[in-house]
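Each remark here refers to the structure printed beneath this line.
Chains here go by letter, A, B and C, matching the order in which they are written, and residues are numbered from 1 within each.
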């Protein structure tokens, strides 16, 4: 499928955009056409290249190939100010207001005209906003409105909204949607990025879908289009190769290894409950930023919960430090390998790190014992040790294996895997699935967040789906085909008060 | 070029040895006949206290820190030993001196570990306070005179087979540090914290424990260096080891220890201390004023650090 | 508590503390009066100027460890240039010193931006470099200063046509400080550049997205810091009449005053008035200790302890702030 040529001369015309970072191809061939008077939804699953595409559209990155034109003029200038001058104004997911300046000073800093700004703030439902209020003191919802009002005040040709409604209460959402639609009706263009199908159905004219760095579809929004979009995001051929897990071997009488009830931290994670039993691999499925990062952080002792309880083997726990979680057998493989590895140190030092973490092990290292444990872990994970002197010279897959091997060398009880296969080759992925199953068979419990939906069937027994900081669904691996997971992840099948 | 860069990053000792030999050759050309056994012994002798203070910098820099109080701590240890020996005897005096050194180190450790003050600011501050204490102490004990424990004088000035006796203290010290940095859990944690503190934390390392112990250890080493220096110069001065502060940082940086942490080791630092000592001889021959030396040290630290950032970025 | 620190309450509290200390001083030393204030003003002047410079870089998200060394360079440059010079030549000498200060600061900033080495390492290396430069210019304290310069900061204010009794109590040192800060910092604070300092210190990413040239703003902040360091060095020479090549204890004192003055290490928050009040508080504590005939060395210890405690407290506050920011 290639995008239809835009009916009228497009206001924004991006074609054939490609971008690679080192060996990783983030975008192959992304296109986006936005005609005047249209609101176009830009959609894509995690890792489809959406955020790279947005950075290129807004001038934060330069593309390797392709062009971005606004009103026919090239706008691939590598600076946000350049893109702004050319008429595209973005509103990012995290507010780009200066926290320590007042509203008025922020307007001065960005040369925003004040009167139109006031008009839009009132229009968007914050008539009482004081110009001398400090940004730091304002709630997140107000900041997003301010950011939008600031963008509208400069009367942009193209407005790019990234998850604009994510932190807003419903009344503000309605106002925002109305304003956005009115913009388009006045002949301007809007690029609308959102995970919420209801909003897309309400205000968008078309949707452009990205998958694997390519634009794979450009469809008009009409009733019932959701399923088609989900299908496009997944890529028509839904993986059938996945051998569904035969039986979920969960003996419900057993005390769960990990029992979580009503867990919350601030705004992102609001209410998560789940049970994880020995021998079980429990998948976690969520769109980006739905609270899964916070969930794993709390369980690993890296962040404090504001509400809820965590029990390990039936005993209530609070973790003040990751060492506490490790002592309770909860070990984390974080999503970003850069957060887990000592990049300049050797494979051996990286794997042995937890063995030496305690005060009791400050003395002479039992070199033989360490060698044996590290060697066994390397063998079990089949780590390629040709460049073992410095971990940063290993391939991504081997680096990931090192972060897992660290806990294997220690002896695994409960493994928290956060997207362990992101950005690594298929062979390593298979090895990780096999390892996870193997560990579970030996009695370990595994919590497995994945951004790749097909993995749920390949590695998990069940999956919890988190949306907006809450568990919205629990799906058995046998039923966890990608469309079902995707619909659940977009909150389309939301159930309330779910406990996995 | 890229291969040369890789070589420097992988085997920092080889270019350092080359640099040292090159400097000695240049020195011999500048003043033929200077390179003899006596000169060698003297160079080693003066490099030892510098190398010991540079051990403090190396260990703290491995975690991404620094200890700018070492000069003050060494001075205090030396001064207290010299002035307390006539009153309570050498063992007691040395004991008190080392306790003072440990106390400063502990305060540094507390500031870095718990208040998370940047080590640079913290150690600068404790150095200032400790200097104040030293001045108060000086006013109260000035009348009793000074004495230098015989052992320290032997270590500082004696020679055996043409080599300075200071090596009797330094060789076991260096072997211990070299062993500890590679073969003990504590040593590994220094590299781990400097390499990636968040990762160390996630692996269960309680970083504050390491910081506290590290700065205390640094204080003790600085105290020892002060004692040795006292034996060498046999003068109780209030600014004895202060001029070594800056070269100790430079020696560690030249020796390939990254000021950002996680990379380097004491082997390079020892070479760095030797290089700086030879360089100092050369600058004296050239009659380079003190100001010029400081500029040179500052420029070396900045250039080596910037170069390292370039080299690692490329990889 | 947090609110209080965030708002102007902190500055008001400092002002209150200063008044209390002044009252205490009067109680300790009933003679304390015009000459005492004059002493305070003169001793505080270099500290205050260094602190303003430090505050500017800290607000912009940096730190400058070389500030005391830059002051030494400025002090000896001024003393050497003015030695034996006429009054008119001295004016040019001063302009030259201020330019040297701007250039030193700009070089610090440029090295940070270009080498991508962290500010704390660059300015540590430059601390040594500027120390060396000062020693090369003048090996030992020496040189001279134009007499009218000294008159600028010694004694009370006298205005023609106004009875001396009305104005005499106000030390010229304070007036000099106020005039200099008003002339240099106020225009910057009110301009967009001032906003950009706060923006870069507060959130460089958001600043970049708002179209702020982050690198240039950093260089500008360090240049302003260099300018104030030059003024501080001049103040040293003005007060003593000679150039001083060995840096004074201005680094730690300025960091402590900045923290005590309500500027958060890490950037974006605080003003200039708070740190200046903090300098006066710290100087007055020192003066009171002297008045109580405490051994000056013991007084130095107390002062050092206060400064380290303040910096440690600032570290804890900054850590809280960072955590708070992450949690939101």
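Keep in mind that, in the parts below, contacts are C-beta pairs under 8 Å (C-beta built on N, C-alpha and C of every residue); 3 or more make two chains touch, one makes a residue touch a chain.
Only a predicted model underlies this, so the values are computations on that prediction, with no experimental measurement involved.
> Tell me which has more C-beta contacts between its two chains, B-C or A-B.
More C-beta contacts join the chains of B-C.
> Measuring centre to centre with C-alpha atoms, which chain is farthest from subunit C?
A
> Go ahead and note the Å separation of the Cα centroids belonging to subunit A and subunit C.
Using C-alpha averages as centres, the distance is 46 Å.
> Please report how many Å separate the Cα centroid of subunit B from that of subunit C, as a whole number.
32
> I'd like the Å distance between the centres of subunit A and subunit B, where a centre is the mean of that chain's Cα atoms.
Once rounded, the distance between the two centres reads 47 Å.
> Using the touch definition up top, name the residues of subunit A that touch subunit C in the complex.
80-81, 84, 92, 95-101, 105-106, 108-111, 134, 136, 140, 265-267
> What residues on subunit C touch subunit B, complex-wise?
Within the complex, subunit C touches subunit B at residues 65, 111, 115-118, 120-122, 124-129, 131-137, 139, 249, 251-252, 255, 295, 297-298, 300-301, 304-305, 307-308, 311-316, 318-319.
> Subunit C touches which residues of subunit B in the complex?
The contact residues of subunit B facing subunit C are 66, 111, 115-118, 120-122, 124-126, 128-129, 131-133, 135-136, 139, 246, 249, 259-260, 289-299, 301-302, 305-306, 309.
> For subunit C, which residues are in contact with subunit A within the complex?
Counting only subunit C, the residues touching subunit A are 6, 192, 195-196, 198-199, 201-203, 205-212, 268-269, 325, 327-328.
> Under the definition above, what is the set of subunit A residues touching subunit B in their complex?
Residue list for subunit A touching subunit B: 300, 302, 321-323, 326-327, 332, 334, 338-345, 349, 352-354, 356-359, 361-365, 367, 389, 392-393, 406.
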